[in-house]
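Just dropping this structure here.
Chain lettering (A, B, C and D) follows the sequence in which the chains are written, and residue indices restart at 1 in each chain.
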Amino acid sequence: MRVNLDISADPTDYSFAHDIRVRFAETDAMGVMHHASYVAFLEETRVEYLRDLGRPYGELRAEGFDLAVLEVFVQYRASARFDDQVTVHTRVREMRGASFQMDYLLMLGEEICALGATMHGVVDARGRATRAPAWLKALLSGLPN
Amino acid sequence: MRVNLDISADPTDYSFAHDIRVRFAETDAMGVMHHASYVAFLEETRVEYLRDLGRPYGELRAEGFDLAVLEVFVQYRASARFDDQVTVHTRVREMRGASFQMDYLLMLGEEICALGATMHGVVDARGRATRAPAWLKALLSGLPN
Amino acid sequence: MRVNLDISADPTDYSFAHDIRVRFAETDAMGVMHHASYVAFLEETRVEYLRDLGRPYGELRAEGFDLAVLEVFVQYRASARFDDQVTVHTRVREMRGASFQMDYLLMLGEEICALGATMHGVVDARGRATRAPAWLKALLSGLPN
Amino acid sequence: MRVNLDISADPTDYSFAHDIRVRFAETDAMGVMHHASYVAFLEETRVEYLRDLGRPYGELRAEGFDLAVLEVFVQYRASARFDDQVTVHTRVREMRGASFQMDYLLMLGEEICALGATMHGVVDARGRATRAPAWLKALLSGLPN
């Protein structure tokens, strides 16, 4: 297991933030956002982060690369509910060879909603581990953490 | 619009039945199964129907065919809830060239849960409309409706 | 069956439009947006429409009302793909007693992606059909179609 | 963080196993099961485990208890694909007061598909942490790990 679970709860530690509203389809019979739905929020935020960096994910895929998810971790703190606006903060934690960790802090206003982390591997179109393209490596490693 | 909404509510009109339990992830904050989740139930039942016919869907895809969904219709009658076992009855309604309609009757015990219909087109690996392979055509057209 | 499938393909016939990007989680192994995911797009658009009208859905629920989905219909025209931005146009088609139909036109730029319709019933907190609150009735019936 | 990531990859360490087929709706444009879909597989398996123990989850909820998910972790090893049958092994790892960890081993035939863990808290109908009912405590603590 390589994911580092020591995730910052301080929004100022993060590089990028993205707002997502909770859909009704994402709630469950406990009246709150279902725990699996958070994983899609992390993904949407990664995609928006790459776009913000000027490198939309579709471009990466068009070049024959994919970012496979190797591990995912979420710690739930306060339940998001239907129509809540969740602010997802993210940053690249570290890059080692062809894999890297991203951390996430989900906020409901001033309240911590959840913490998360994902480990990714750069893979080619056939899903085999490969070296990150230079621009991605530079992009990810050059970010202030 | 080509889908025929006159769907039988009599289980004996159907060729095949498949049971699916409602997952907690499929419920919503109204305490019932979310209306979009029914669409996945129709799909799972189609797949099991093809398997039962001795032609698993993966085989169809391996031959370079796919069954694109052209239209979907669901009428909700009685709410399914978490852990309910829904019996999904299905049949091929009719086949015209490269497209065909399937009907669905979802039961909660003796109670009608929902009615549904899907229109499908046979497409090649690039998603273009194509003639159905002979075995599929025979399979679908030969079924007692 | 009460849903009227004669849905306008002209964006100027609609009252409201909302943009949604296709998440990677919403795609399938055919490389396109999965057909069930469209249903959540219709729902998100309804919610944004009510918000735009100054009556967020949460307010409706807080007053003890819900808008149950009685029927849903989608006709797929052109596949949306990962990261595509889909513009969902919507309008209230008609209101009869405690139920009403909404129509949807999903566009990918200038291309028609899908048409949709949903039938809704106003229900109380226990899920029983009830009269629409006056403000909702006025809101829905007063809209230019 | 309390989840223990040292998860056994040996099926004989587990108490219960449940088979789930990958739905087409659960795949993504990389041609494999989407990483968020695994979380629902863990949940379905928990539910079946409780049923197998003679205590269906609905009974727990009817008594006013819920099992909130506090943390979730998944490590992906080999991609499951459409129509694959995944065998999900599970066991209760440990119980401390009102919270407990469950471990999961997902197999594709003889191959390890994924490892997982969830931390749960026993909550009352309002979502507040509460003591586990006696039968649940006995049930969970008495299991051979």
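Operating definition for what follows: contacts are C-beta pairs under 8 Å (C-beta built on N, C-alpha and C of every residue); 3 or more make two chains touch, one makes a residue touch a chain.
Small disclaimer: the values here were computed from a predicted structure and weren't measured.
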Maximum centroid distance from subunit A, chain identifier (CA atoms): B
Selected interface, A-D versus B-D, where C-beta contact pairs are more numerous: A-D
Subunit B and subunit D: spacing of chain centres that average the CA atoms, whole Å: 29
Length of the line joining the C-alpha centres of subunit C and subunit D, rounded to whole Å: 35
Intercentroid distance (Cα basis), subunit D paired with subunit A, Å: 23
Contacts with 2+ other chains: residues of subunit B: 24-25, 32, 36, 39-40, 43, 82
Residues of subunit D defined as touching subunit C within the complex: 24-25, 27-29, 31-32, 34, 36, 81-82
Touching residues on subunit A, where the partner in the complex is subunit C: 21, 23-25, 39-40, 43-44, 47, 56-58, 61, 82-83
Contacting residues of subunit C [partner subunit B, same complex]: 1, 3, 5-6, 30, 32, 35-37, 39-40, 43, 66, 68-76, 79, 127
